[in-house]
Each structure stands twice: as structure tokens, then as C-alpha cells.
Amino acid sequence: MDPFGMEIKQTIRDKRISTGIEGLDSLLLGGFPQGSITLVSGTPGTGKTIVCFQYIDAGLKKGEKCLYLTSDERVNNLIYQAKEVGFNFQSFIDKGQLKFLYLDLERRDVHKEMDDEIRTGGYTRVVLDSLTPLSEVPVWLVNKGNEIIPSDLPSDRSTFPINSIQATRTHIRRIMSILEEDDCTTLVTSEIPEGSRCLSRDSISEFLVDGILLLDLDSTMDRRKLTIRKMRGTKHTLKPQDISINEGGIRLI
Amino acid sequence: MDPFGMEIKQTIRDKRISTGIEGLDSLLLGGFPQGSITLVSGTPGTGKTIVCFQYIDAGLKKGEKCLYLTSDERVNNLIYQAKEVGFNFQSFIDKGQLKFLYLDLERRDVHKEMDDEIRTGGYTRVVLDSLTPLSEVPVWLVNKGNEIIPSDLPSDRSTFPINSIQATRTHIRRIMSILEEDDCTTLVTSEIPEGSRCLSRDSISEFLVDGILLLDLDSTMDRRKLTIRKMRGTKHTLKPQDISINEGGIRLI
Amino acid sequence: MDPFGMEIKQTIRDKRISTGIEGLDSLLLGGFPQGSITLVSGTPGTGKTIVCFQYIDAGLKKGEKCLYLTSDERVNNLIYQAKEVGFNFQSFIDKGQLKFLYLDLERRDVHKEMDDEIRTGGYTRVVLDSLTPLSEVPVWLVNKGNEIIPSDLPSDRSTFPINSIQATRTHIRRIMSILEEDDCTTLVTSEIPEGSRCLSRDSISEFLVDGILLLDLDSTMDRRKLTIRKMRGTKHTLKPQDISINEGGIRLI
Amino acid sequence: MDPFGMEIKQTIRDKRISTGIEGLDSLLLGGFPQGSITLVSGTPGTGKTIVCFQYIDAGLKKGEKCLYLTSDERVNNLIYQAKEVGFNFQSFIDKGQLKFLYLDLERRDVHKEMDDEIRTGGYTRVVLDSLTPLSEVPVWLVNKGNEIIPSDLPSDRSTFPINSIQATRTHIRRIMSILEEDDCTTLVTSEIPEGSRCLSRDSISEFLVDGILLLDLDSTMDRRKLTIRKMRGTKHTLKPQDISINEGGIRLI
Amino acid sequence: MDPFGMEIKQTIRDKRISTGIEGLDSLLLGGFPQGSITLVSGTPGTGKTIVCFQYIDAGLKKGEKCLYLTSDERVNNLIYQAKEVGFNFQSFIDKGQLKFLYLDLERRDVHKEMDDEIRTGGYTRVVLDSLTPLSEVPVWLVNKGNEIIPSDLPSDRSTFPINSIQATRTHIRRIMSILEEDDCTTLVTSEIPEGSRCLSRDSISEFLVDGILLLDLDSTMDRRKLTIRKMRGTKHTLKPQDISINEGGIRLI
Amino acid sequence: MDPFGMEIKQTIRDKRISTGIEGLDSLLLGGFPQGSITLVSGTPGTGKTIVCFQYIDAGLKKGEKCLYLTSDERVNNLIYQAKEVGFNFQSFIDKGQLKFLYLDLERRDVHKEMDDEIRTGGYTRVVLDSLTPLSEVPVWLVNKGNEIIPSDLPSDRSTFPINSIQATRTHIRRIMSILEEDDCTTLVTSEIPEGSRCLSRDSISEFLVDGILLLDLDSTMDRRKLTIRKMRGTKHTLKPQDISINEGGIRLI
């Protein structure tokens, strides 16, 4: 089986962005495709946030400007957690190379705030950790889906009833289109409830992204796995890869 | 077991349209039946869009006029993805042999726009990628299902309550009847959420089409499969076929 | 195990109506019981419509008058599909021995139209392909279930709330009672979504009919099956029968 | 394991009523307990109605007066079906020993009609075939559940909202209490959709009856089974019994 | 594994109340903890009511005063059923040592009636057979859950919407708190629909009780089981115990 | 596999808080991370409350101030249950080192009461047993989620509709943020219905906590298990650990 011939395309646009995970870049022909959005999904405790930390860390080491979007109020906690795995983010925050942006889901302009930051910030790497709470915010989509307004404002211009699957799908697509502005390469995390076989909490996102990394664990065997479930323009193995989580984060073993 | 005797019928109308997938045409007595609609279903990352690319590519090479309908705003992205798999669509777009039409689901006349394009465009191959978001748009069906109006216009002429299964079924049937105008041969893709055993997201489409190609993957075995689940007027194997995705797209192995 | 002693009863009323499927009549003591309604259920692509074609064909060959009810607008398509399997229905339509009646589900008098046709047409074989869309039409049942009026007409005479299971059950029973008028023998098809274990889309019909033929397929083994799940007044095997679909339709192998 | 000592009790009230099924009476210490209600449940085509026919037939042979309640309009059909299995009910109807009563579910006084018939008819054996459509009729329960009024009459006296599980439970209990009047011994049938593991369509009845006979079939093995799932005051085997359906009805083999 | 050291505690309050089931007391360090509530759950026909009979019988033999709460109108039937298993309850009712109280679920003061009876009756053993219909009654909970009023009385003082899970939980907790008044030891039964893995019909009760006895049966093996799933302050086996139901009730074998 | 290198971090903030469970501390690098919230989940009777008792007991022995939050009215019962397992909490309550706080879910200021107690009480260990009833209380979230008002007060300031998943998620996050005030280390318990594979009743909490302990049992094998499903900043085994419950509580075996 000959590898996916990427010689010509790489000269066009298919630059690869390193994942920061030891052993994963080589399975992805160098990393995530530049400008792509990759979904990082998993049940609780499988390491979704650690994947994001490593991705940011890899960018920081190359001098790239990085953005970490979170709807968790405890930004300090995240920074501390990163430290526990071995990443000192504070120094990069201090020199303006890394920004943690708290997305306040109660604010009516949360989408605009995210949009502004990405468009004007000059980031090459963006993380949205996690997509799930943001995608659950009920919104009206108006102006051909280019505008999102909170559900407590009356809208007679919206086509889709609030909370319909169509509204959710359009909302997620709108979030995705914000994330892919300005040619940044993005990771978004999504919760998978234990026992579900879906690839995201909403079961829609996985059809809208360019790549999917699935994190899993097997308690009985005491093993952790990472599976490349999809990656646009990349011939990759589908086999679940054994991983360990140590100081420095996830590593393929 | 003697093959399905198609000698006489082929002289009538049963011309076959090549799939563009190496090895598949011979399993389908030459390709898709002319004028048929085939559903291409699969979980994320199984290659639904690549099947469409190859189908379009096969038509372009024969000098046919092709239409690619998408509700994804990022038409450029699709063209780029095609390039990654080895198909240079831009040149055919430039000479007017291929058209990518973005279906804006927010527009009230999206069905009419699609209808007009197919009726007047003289296409022999049409792709709708994907059926899922379009079929989720809530509509009123009036005038015996021949007219579709958006749900935000009041309708006292509609028989079926919005979002009822009957409305969804009639909506999908109406989309199908638009697609089979003008004797074009059509592929429509549908999402299957991981873990579902249905053959489409809506679980209705598979009963309204002439053929079904099911795409699947087995992570543990690192294998990809394509199954001909149904093909009108065609004696075919039901066995899942091993496939690989390489430069040039899907190939039976 | 001695066969079901039908000697005496056959002199009364238990005439058998041939199925048109090679090998099946002998499993059914000669065919479907005269005046019975048999449900033909299956997932997509299992051959439900072909069973109907063969049933009609067998009647036509015996000079019987046959009616094919469909809610699919494309009657021409059905006739063409029949031709693909080897049945030339057009000539019988031309001489008035076979009628394809399109049931327009938007029409308020669709039940009455069906009723009139069956009562006055003198048919011995009737096919309703398929029951599913018709049974999904929301209706009010009035006048002891003998009258059905569309749901958009206000009804203060109906006992059952629209869309209740009781309304669905009464609706289906009413359809059944129309079908068994005038001593015709009837087949009705019903969709089974892949993965469902029910014997019809609505999970009610199977309790109201006299017989059930279940069509199934096993992709991995490349095998198709037909099971006699129930047949009133008939001692029959329950074993799934291997079938093939060829020129001429389904045949037990 | 010593058998359930019934010597003393039998002198009190525990008279047994023969089931009419060869081999079953001996598993039930002689038959159904007098005055009991037994649920006969099964998926389509498992023989629920035949169990009822045999039960009625056994009573008729002993000169007992029997009532067959049905919500199926086609009483003639039922009588004919009985004939097919070998039971000539018409002669008993003619001499007034057997009555088929059609329960018109559209009538507001259907419960009262049933009640009157049982209280005044002097029946020793009653069959309700089937409980399912009757139990689905939406009703208001008033006057401590002793009165049932149709849901289209406004009721400000009812405690339970229509269609609540409590309303269904109270409705079924009320039907049961009608059936056990006048010391008759009763069979009620209930549909089980294929694939369900519940013991009745409503999943409540099985907790309100004195006995449960479960009918089942195994297509692959071409076998039919009858299981005594519960029988008040009766030590019985739980093992599924192989049965055959022949002229004369069900027989344990 | 050393047994749960109960020497000291037994001198405080941990008196054990005999279950009346041969072999079970020794598995429970003597019986149910005094003042505890134990849930007796099982699918139909597993012997829930017989467990209650034996528990009452054991108390009656020791001269204790016992209360049997039922929402089944047929109290006579229950007494008769007890007789069938070998328990002559009538004589104890006559001398006032046992009371069967019918809970009329239609009465607005059913909770108060139960409360009054328990508080003033001086019972040491109470049975509620079954909890399920009572817990399904829709109620408003007011005055901090200490007062329960029927749902047909308007309540602007209630915090929880009727039929919400919170209302159900609070309702069940309120029933439990009535049952544990006056230091009586209580059994409550709950239905488990066949095929459900929950430990009660409502899936909440099992978290609010002190102990759980699970009754089960295996048709194929013709075996019945009793499992101690939980017992507060009691080191017990989790192993399902084989049981038989004979004259005298359930016995461990 | 080298252990997670915690040498440096421990000097920063990663102090460990003993679990009180013999054998568990060593699997957790010393105990729960200081300031963390750990979810203790399990089906009924698996020992969730005993885990809490041992955690409190370990703190009391070290002279720490502890808070036990419960929505169970029967605080006395809890204290008694603790005694049964071997913990004399009364003496610590008397000297003010331990407080049991009953959360009255009917009170409009229940969140504020909890908040006040934690902020002003100077506790190092807090238990919320259980999270489930509190999280089910329907609330409006206002003022950016920092204020919670009961659902019976009209709110025109809330973004999220009551009972939406977003409201539940925000509610749980708000509870979590109350619990992590003042640097206390917290355990919260959650019910898992038998048969569910989720890690909490709400299926959201497990994504918001720092650690998850899963309690399980295997009736057939008569074994109990404790699994560390997740623990922030801690390299731990995923293997289910066999446990026993004896005098003194849970112990790894």
C-alpha cells in the first residue's frame, strides 16, 4: 500500500502543524493539516485537555501565538493543571504569546467576542476546550446564520426554531466557521458520556470537522488508547494506539 | 446462479453510469442505473465525499456536465479537498463543465433554486452532499407536496404538522423528485451517527432511493469497507468489500 | 408431525391464492388464504416490492383482476422496475386487467378513493405498497371509526386525540377493513428500519393481519432470507428460507 | 421437592378450571385457579387467540356458559378462524351457550356494556382478546375509579391527568375488576412487540393478574414455546414448554 | 474475612427483626435492622407478596402488631392468597393483631390516612405492597415537603413542577419518612418490568432505603433467586441465593 | 513506566489529602489533591456514603474541621450509620470539629446557605452526599451564573430556559464552584441507576470534577470493586480494585 502522495500538494497549502504528542506526528504525515479543525473526543478522564496542552506547548516552543478558549471560569486552575503535566504556561502568558480567554456563556456577545479575538489576534494555534457547553447555549440564528443572537431576544427573522436539531447544527457550523478564520489550526474538545458510541456529545460536530482524535480507556486492562478516526487529506491508520500519560503529557507507546 | 439477464432491458433504458471507483462498476453491471438516485451513507471519516468526488471525476473525464450541491459554505474547501485526493476540479469549473452550488438553508427558495438549476442546467451527474442538513429544515408542504414553503410562513393549506414524520417523509420525497428530473443520475450522502444501525440519519431516505452504498470502518482491524446494500434492477453481492483510500480515491482491494 | 388437516375446511372457504414465488406456495398449503391480508416487511433492499410484483404477476397469468395501490408518485417507475425483474405489466394495464392507483396522501378523500376502487373494481388481488406513509397521515376517526377525516378539519366528534397510539391503531384497522372488502386477497408492505426488531414500522400492523412474510438479508454471508412469521389457518415452518433474486423475481433455494 | 400441598385449600375455594390445552392442566394442578385472571402474552403469530379458543372449547364441552370479548369488528372472522383450528363455535352460539361481544371502543359506555354483560350473563369462562386496544382508550377515572368516562367529556372530578401512567394503571385495574365479577375465570391477551422483553404491551398488566402464560417462538430452530411465568397459588415449573399448533390447537410436546 | 463486628452496636439499637424466611435471617445477622426500610423488588411472579406474607407471619407468631398497606382493592383476595401459601391471617385480623389497610389512591388524604394509622397504631411491622402505584400519584409538595396535596388542587406554594423527577423523589422520600415513624420496621415492594435492570419501577427508591432484596427467576433453568443487594449496617453476601416457593412460602435451598 | 514525577510540583501546591481508605492513598500519590473535587459514584449499596465517612474520619483524626452536607432529613440516621461502621462522630460534633448541615431543598436560599457555611466555616474537608437531589432542583441562573434563584420566582434576567441541559450544567458548575471555595477538598456522591453506564445520575458532573471514584459490585462473584476513573495531576492505575466493607469501612484487598 503506497502512502498518500503528498509531494505536490505540500507545495500548495498542505503544511502540517505538529501535534506535540510524541509519535503522533509521524502517523499524521507531520501533524494536523494547516487551517484544519480537529475534534478531540473522549469520556471523562481520558486526557482531552492534556492533548490541548501539548498542542499549545508545541506551538509556544516554535514561537507561535496561541489562544486557549474555555468556558470554565477557573482559568487559573487550567494553568495549574498544565503545570502539573509539566507545561509552564504562565511565562508565555506574561510575554503575550499565549492567551487564555474565558467565554462567559451568559454574555450575549460571546460569539462576537470569540470572533474578534481570533480575527485580530494573529493566532496560528487555537484551542476550544470544550465545545460542548458553548454548543448547548440556545440561540437564534439570523442573517443567513452569520449572526447569532441569544434566545431571550425575540427574533422574527430566524428560520429555525430554537433547540431544533437544525438550530444546533447551524450553531455548531457557525462556531466552526469562526474557528477557521485567519488560517489558524484548531482543536476543539467534546465530551462523550460513558457508554455512548457517538463521537461527540452533540453527535453532529464529528461530521463538520476535518479530523477526529478519539481518546478511550480500558479499565480492566489498565490501558489508554488514542485513535485517529478521521483526518482530511491524510492517509492514516485506524488502529487504536496505546498511550501513556506521564510528566510531559501523552506519549504513544 | 445465473446472472440477472439484462440483455433486453439494456436496449430499453437501463444504461449504466460509471461510478469512478475502481472495481465497483463490475459489481454493478457497469455502474449506477441511469436516472437512479443512490444513497451514500456512513459514519464520520468513512469517505462519503470521496465517493462523490470520484463519481464527478468519472463524468468530467467523459465530457459530461456535472453539478455538486452542498450546504457547506466552504465550497473552496471542497475543491481543495478534491485536489488533495488527486482531482483538479478548478479547470472544469472554469470551462463551465462543473458547477458547485451552495445551498443556503436560510433562503426561503432553496428548493426552487435547486430545482431551477437541475431543470435548466443539462446535467447528467448530480451530487447532493449532504442530504442531512437540507432534510432537517422544517417546512410546510402545500399544493399536494409540489410546493414547499418555509415554516416561518403561516400555512393554512398544509395537511401535515411541521416536524411530523409525515412532513419529513414528504419533504425528503420532494427533494428526491427534484433530483430525478431531467434524467440525471444522482448521489446523495447521509450521515450515520456512530453506533446507529440505520442506513441514514433520518431512517426514511433509504426506503426512497434506488440504491444504497454503505461505507464503514473497523478501527481494531484497520479496515475500511464498502457494501452495496441495494441497487434497483441489479443483481449484486451483499458482501462488504474491503477498500483503501489513496491518491485517486477509493479502490476495492 | 402430521400436517394441518385442511380437507374439510377447504370445501368451505379456505381456497388458497398462489404467491407467485417458486417454492413458497408449497410451504403455505397452496398460497395465501383467500380473503386474507398478509404483511410483507423488511429493511431496505430486501425485495418487498418484488414480492408484490410476483403476486400480481401470478394473478394476471390466471386472468384475475389486480390492483396496485402506491403512494409513490412515480407509477411509471414502478412499471419500469417490474420490467427489469421480468414482468411486462403495461400490456395488462392496457387491457384493463391491472390498475396502478396513486394514493395522493394530501387529498382529504384518499381513504374514500381507495375504498371506492376496491368495492367497485372487482379485484381478486390487491397490493398496498406501502402501508407506512399512509398509516402516518394524521387523521381524526369519527362515526365509530367508519369515517376518517383529515386532521386539518376540526372534529368535535372524534374520541381519540390525533397522533395517539389509539388513533394510529384505529387508522390502521380502518385501512385493513377497507382492504378486506369484496373478498380480495391482499398484500401490504411495511418498512423496517435497519436494527429494529419490530415486524413493521408502526409495530401495530403485525397484530392486525392474517399473515406475515419477513424479508431479511445477511451482508456478511451474502444471503437473503424469507420467513413465514405467521399465516392464519396454516401450519407452516418458522425457519428462515434462503432465497435468491433473479430475473423472474424471488425464488426459494 | 415436595409439591405444593393443596389438599386442604382445594376444599375451600381453589377449584381448578381446565385450560383445554393437552398437557398444560397437569402442570397447573388441574388448570387455572377458579376466579383468577390469566394474561396470555406473545409476539405476533404465537397463538394467543388459539389459547383462548381452546379455553372456550373446554368450557363448552362441559356445558359451561362462555363469553368472548373482542374489539375486532370481524366477529365472523374469529368464528371462522376457530373453525380452521377445529372448533365449531356456531352451534354453541346458536343455542345461547357462547356469546361473542364486540366492544366498540368508540362507544362511551363500552366499560359499562362489558360490566353489564358479565354481571348478568352468568358466565363461568370469559375471554378478553385483546386487552391492548381497550387499555389504550384514553379515559378519565372518576368516583374513586369505579366510574370511567371517555376523555372527550370534561371532567373536573378526576384525580389523574389523562394518559398518565397512573391513569393507565387505574384503567387496567378497573378493567380487571370488571372481569373478576361474578366468579368467572378469565383470560386476557396482550400484544408483545417483537424485541420487547416486557410481558405485555403496557408493561403494567402483568403485575395486576393472577397468572401469566407467555407464548414465544424461535424461528431459527422452528420451535414454539409456552411458559407458565406466574400462577397464583400454584407451584409450577418455569421451564418453557415446547408446543405444536395443529388441528385441535396447541399441544405440549 | 471476619464478620462485621456487631457486638457493641447490638447493645445500642441494632436489634434485628426476623424475616420469616428460612435461611435468610442467618445471612442478615438475625434479620432486618430494627427501624429500617427494605425494598423488595422483582419482575412479575417472583414472590414479592409472599416475602411480605412471611414477614407479617413471623411478627404475628411473636405477638407483634402488624400493618399491611395495599392499594389493591381486593383485600379479601390478599387474605385468600396468604391462605394458599399457608398463612391464616383472618384469625389475627379478628383479634386486632393484624390490619389490612386499603389505600384509596383517589382520596386526597391518602398520605395523611397512612400517616395517622402508623403513628397511632403501635405497629412494629409494616408492609407497603406496593410502593409503585402510590409513588405514581401526581402530587404537589408544599410546606417543605412535609405536606402533600393532590395535583388537582392549585398550589402556588410548591417549589417543584408536578411530575418532575424532583417531585417524584421528594414524594417517595416523604412516603419513606411516614413509614419510618414510630420505630416500626418496614418492607415496601416495587415492580420491575421484565428486561429492566433498575432495582425499582421508579429507579429512585433504591437509593432511599436501608436494604434491598431482589427477587429474580431464570425460566430456562427453572430456578428462582433472592439476592441481598444492600442492607445497612450488615456485612452480607451479594450472591444470589437459590430459593423455592412451597407451602409456607419462600425458603433458601 | 516511570511514575508521574511530582517532586517539584509538591513543593508548589500539590499537597495530598488522605482518603482514609486503607490502600487507596498509596494509589493516589498520597490522597486526593488539595482543593480538588472528587465524584464518588455507584449503584445502590456500593458504599458511597461509607467512602464519605472514612474521608471525614481521616480528617477528624488529624484535627481538621469537617463539613457533611446532606439533603437527607435524617441526620441522626447518618450519624447512627457511621457508628455502625465504627465511627463515633457525635463526640466531634459536640466539640464543634464536625458539622452535619441539612440542605432543605425547598428553601429558596439553599445555595446561599451552603455557600455561607463553606466560606465562613474554615473547613478543610467537605462532603456533599449526595449531589443528585440538589442538582435536580429546577433553578434560574442569573447574574452570569453567580446567582441562583428558585424556579418559582419569575426571572426575566436568565439566559437559559429552566430544565434545559444548559441550565443543569450551569447549575452543577455553580454548585462545584461553591464547593471549591476556601481551598477545602471535597467529595460529592452521585447515584448511578443499575444498568446505566454513565458515571453520574446527570451524566454531566463527571466532566466538571477533578477526580472520579467508581464503586461497583458483582453479585454473581460476590465481589465489590473501587476504580479510580480519573484523578487530576495523578498518574494512577485504571484497574478496578477489589474491596471489602467491614468494621472500619472500605479496605482494598
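Details
For clarity, chains are labelled A, B, C, D, E and F in written order, and residue numbers in each chain start from 1.
Here, contacts are C-beta pairs under 8 Å (C-beta built on N, C-alpha and C of every residue); 3 or more make two chains touch, one makes a residue touch a chain.
In this text, all values refer to a predicted model and were calculated from it rather than measured experimentally.
Identification of common neighbours of chain C and chain E yields D. Counting the residue numbers that touch the partner chain, chain A and chain F have less than half of them in common.
For the pair chain B and chain F, the distance between C-alpha centroids works out to 51 Å.
Mean C-alpha positions place chain B and chain C at a centre distance of 30 Å. Chain contact topology: the protein chains form a single closed ring, every chain touching exactly two others. The residues of chain D lying in touch with chain E in their complex are 1-2, 4-5, 9, 12-14, 141, 144-145, 156, 158-161, 164-166, 169-170, 173, 177, 180, 196-199, 203, 206-207, 212, 227, 229-233, 235, 237-240. If you check the complex, the residues on chain A that touch chain F are 43-45, 73-74, 80-81, 83-85, 104-108, 130, 132-133, 136-138, 150-152, 163, 191, 193-195, 217-220, 222-224, 244-247.
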